[in-house]
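The structures considered in this document are given below.
First chain A sits with chain B, and in the next complex the same chain sits with chain C.
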Partner chain A sequence: MTREEQKENLLRMSGTDVRKCMKCGKCSGRCPAYHEMDIKPHQFVSLLAQGKIEKLLSGKAIWSCLSCMACVERCPRGVAPAAVVEAVRDTVVRMQGANGIRAEDIPPIVDELIPQQLLVSAYRKYNK
Partner chain B sequence: MQRIGVFICWCGSNIAATVDVERVSEVIRSEPGVVFSANYQYMCSENGQQLVKNAIKEYNLTAVVIGSCSPRMHEATFRKAAEEAGLNPYMVEIANIREHCSWIHKDREEATEKALVLVRTAIAKVNLDAPLQAGESPVTKRALVIGGGIAGIQAALDIAEAGFEVDIVEKNPTIGGRMAQLDKTFPTLDCSACILTPKMVDCAQNEKIDILSYSEVEEVKGFVGNFSVKIRRKARYVDETKCTGCKVCMEKCPSKKGLNEFNMGLNNRTAIYIPFAQAIPNVAVIDPEQCIKLKTGKCGICQKFCGVGAIDYTMKDEFIERKYGAIVVATGFRPLKPDKFNEYGYADNKDVITSLELERLMNAAGPTDGVLLRPSDGTHPKVITFIQCVGSRDTSGCGKPYCSKICCMYTAKHAMLIREKYPDTEVHVFYIDVRTPGKNYDEFYRRAVEQYGVDYIKGMVGKVYNQNGKLMVQGSNLIDNEQVVIPSDLVVLATAIEPEPSVRKVATLLTASIDTNNFLTESHAKLRPVESPTAGVYLAGVCQGPKDIPETVSQASACAAKVIGLLVKDKLKTNPCIAHPDESMCNGCSQCANVCAYGAITYVDKEFRLGGGKTEVRRVASVNPAVCQGCGACTVTCPSGAMDLSGFSSGQIMSEVEAICKM
Partner chain C sequence: MKICYYPGCTLKTKAKDLDVYARLSAEALGVTMEEIENWQCCGAVYPMARDEIATKLSAVRALDYARHHGGKLLTLCSACHNVIKRTNEDMRSDKDISSRANNYLALEEPYRGETQVLHYLELLRDVVGFGELKKKVVKPLNKKVGAYYGCLLLRPSGVMAFDDPENPTIIEDFIRAIGGTPVVYPFRNECCGAYVSLKNAELPKKRSAAILESAKEKGAEEVITACPLCLYNLQVNGGGILPVRYFTELLAEALGVKE
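Then we have the complex of A and B:
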């Protein structure tokens, strides 16, 4: 995949419009995992917008993000930084060839209160 | 058959870059009725208009079609040119090949085809055009200003200065608006009351100005030059002509729990009150929600103590009806309530306040007599953190998508005033961008940083929480790539401003248009910025868009100039494109009157000859030509097809549709 294709892929997977970001930093101002992250929530958005894919894929922050969605909740522009984190994590997991999700493993642990994305991302993390 | 001249405009490259204007002229030349066809770089220019005039004379044109920009731009220009060449101005039709064609298409071939269709459509219409004569209507030489903030005050003073009578209708018990609540004003830091109250007094003393405070507009009829407005004078329970403003009633009133609106609810007021010391009119008002007498029938203390017998508990709302030639809307704004943004903890912490609340806490006439004290415990805050853009530039649904424009400047003002008055205070400002265009504005903001040592932090706050009595402000410092937490004593939110909600009702009454954010829309963003698209209605102040005092005052004076320009005229030309019924077809069903927004249609009994010497009396519609605005609602409603519109007859519209369908 070319870098451009990778960027397109990440944009599509995240489903968020990174161009809407106005670089206010509110997401990073809220993030509870901020201090553990080498790439900060607002930087995920900014790096993807600029197409700096290698940097995104080599970061460690994808394993620290709690998928708490606080950044998504707080963003004044309707951007979802956590969705970018998730897209990067997903890509990294796939590149390792270790897409650990098996459909039949999901139903027994699903609880109505668990946000879908938390479930999915936690699952990826523990399968890495 | 008309003798038609067709003129295609290039509009520089606006049209010519996308539409093959040469080809359009060439093809159109062979249309039936067309005796002249040309194209030119700028039809609206002096030379372009001359081209039209010459052709009218040389080719004996009876009708003209101009393929150019929207008729909203230049229809009047070309009608005037035609008239100067001796042609009836209503024999001119515009084919909009710019907004409807060149601007929205990329493909030259397709755009040229469409331009041809649009020009042929205009030709179809012009073939059925008939000369029309504009009528005249008189102008009532009196203006109405809705809203008595600085915008309304300035507009009224300027209109009165030219010798015209003006009424200010203000919904609150006093004029003054938000500016009366401010402490000092940027960029010069002069005291707001000191510059505002003399203007308020001028209004009160000017014999041309009538202040109708505690009043609201209820109904508007008529049209430019001839508005008839019903105004509700809310029951004040105090006779304005008797009250001397001595405040004895306020001293004696036992009901002291009403929230003081003027101080943003930071303290309480009595049920009978004068909003602030310099109120105009300086007359008390009773809040019926708080008055014991009005609620239970007991008390009546104020009446006993009032030395001039001004208090009357039986007062009722009254209605008055007045006529005006022009109306200025100046309904202003209110600050957004930040309680939806729970990340800032406004609802839970008394010491998280809005900027307007801070103005009151800094003001000598405010609840703390101008000493900056925390609302929670009355102590001096030592660390104060400001958060900008609260609810502004927010497309998430909670706030407003626009920049409120004034908060960067007033935050710099607040920060500076605090550092000046309390130098031992630490002041931080979280910002996304600092927006300070304007004369001496950026210099003002830089002074806050360079001279007063205010700490500006680039980044937004994600969370404010209370920890052992300190407000912990957690946010981004993007320059240092850090997440910081600032333990603060007071947090000030620079909240977005939004149009005063009652503007919606006002706009509906005036049929003035409003945008998705409830700001009133101007007629043209650049060239007609103080006029509403509704003739005779003008816009001043924040009701039209966020702005500070200097801009508000400029706009208000501009409004006044427009109003004066209208009121000096004795008569206005009326639009001849109005409705008229075919009486032989009308059966007086009343449907047209029901849809007419202007009340232009009435019904009369008329005698008709049936032949054989017999007659019949029938009820038929009659249109008042001075009131009809030519909107056409009645023509499409009439079930018998009796109603038609001059200049836009059903026959003409159908011929246009046919011309389009032929392609």
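Then we have the complex of A and C:
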């Protein structure tokens, strides 16, 4: 895929209009995973708008986003940074061998209390 | 009255308390929760990518079943509620998702978001009424309780329409109705760390401890939730700062139906 095609694809997957962003940073200010992220929520939006796809796809922040929707709630421009993060994460995990969690990773970390909901949700987020 | 009920995977296993106490309490309040037939796991997280269709189908099947059985679907787990309600909105307003899902499912009549999705707390507030609930209480709670909302019930507020996302009151009103004293604390709508605990437990540890510290500082003796994953994170990753229980257990105690 060309870079332009990858950008189009990410825009389509996210369903959000990144051109509306006014770079106020409110999304990042509200993000509970901010300190763990190499690319901050507002940067996901601006990197996609600029078509900096390699940078987006090589970042580590996709593994820390909690999908808590706080950024979406706060954005005064109706942009959904979480949807951009998800589009990037899905693009990465759909690539061959790029799953963030594999079936064999699970048994050693499962404890007695872990709810099925945690296994299902982590698998949905990190594995395709 | 009878209402279609979607329990979800965890309420049949690790979160039985959430389910059992909800059913007992509902009966005491004159509501029978009828588990829908052949339900499948909702997937636990709403797939945000606009090209995700297959991952939404279990929610659509449940919604379509409820459409033909009374028109309402009751949820209890916050995650199921979030997934099913957001998927319902897609089926109503996103032509692309709705036509692809309908094309695959080939239902007798296409599903277009007709069912009303109702969380158990909304049932208490809007159908039973907190005033009526209060009259049925035989053992008032007499405790200071912190409501933990988390993310899934509240956000995105445009679709969830559950309560004010920044200053919700429904669980505080519930606590008052069962004779307790609600404790309002700043972190009650902050994320517990969610599914990231399987990838990097450090983040949920920080988040969950901060939530419980915040509740404790404001005087809460315990914290209640409607989400099995929140309960897990707060209990296991929260460092035992405060006890955490499902809201339905307190409800069953107050109604005198806890066995």
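Basically, the second predicted complex is superposed on the first by the 97 of 128 C-alpha atoms of A that agree within 3 Å, B and C clash if a C-alpha of one lies under 4 Å from a C-alpha of the other, contacts with A are read in each partner's own complex, and residues count from 1 in each chain.
Here is the rule we use: a contact is a pair of C-beta atoms (placed from the backbone, for glycine too) under 8 Å apart; a residue touches a chain by one contact, two chains touch by 3 or more.
Here the structure is a predicted model, which means the values were calculated and not measured.
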item: Touching partner for A:Pro76 - first (chain B), second (chain C), both, neither; value: first
item: Per-residue contact with chain A, leading partner among chain C and chain B; value: C
item: Which superposed partner A:Trp63 touches (first chain B, second chain C, both, neither); value: second
item: Chain B versus chain C as contact partner of A:Lys20, first or second or both or neither; value: first
item: Touching partner for A:Gly29 - first (chain B), second (chain C), both, neither; value: first
item: Touching partner for A:Asp90 - first (chain B), second (chain C), both, neither; value: second
item: Chain B versus chain C as contact partner of A:Arg12, first or second or both or neither; value: second
item: Set of chain A residues, in rising order, touched by both chain B and chain C; value: 70
item: Of all residues in chain A, those that touch chain B in their complex; value: 20, 22-31, 34-35, 40, 42, 70, 74-78
item: In the complex with chain A, residue positions of chain B that touch it; value: 343, 389, 393-399, 432, 458-463, 474-478, 481, 483
item: Complex contact set, residues of chain C against chain A; value: 8-10, 13-15, 41, 43-52, 55, 77, 79, 151, 155-157, 165-166, 190-191, 193-200, 203, 207, 227-229, 231-232, 235-236
item: For the chain A and chain C complex, residues of the former touching the latter; value: 12-15, 32-33, 36, 63-64, 66-70, 72-73, 80, 82-83, 86-87, 90, 100-101, 106, 109, 111, 113-122, 124-126
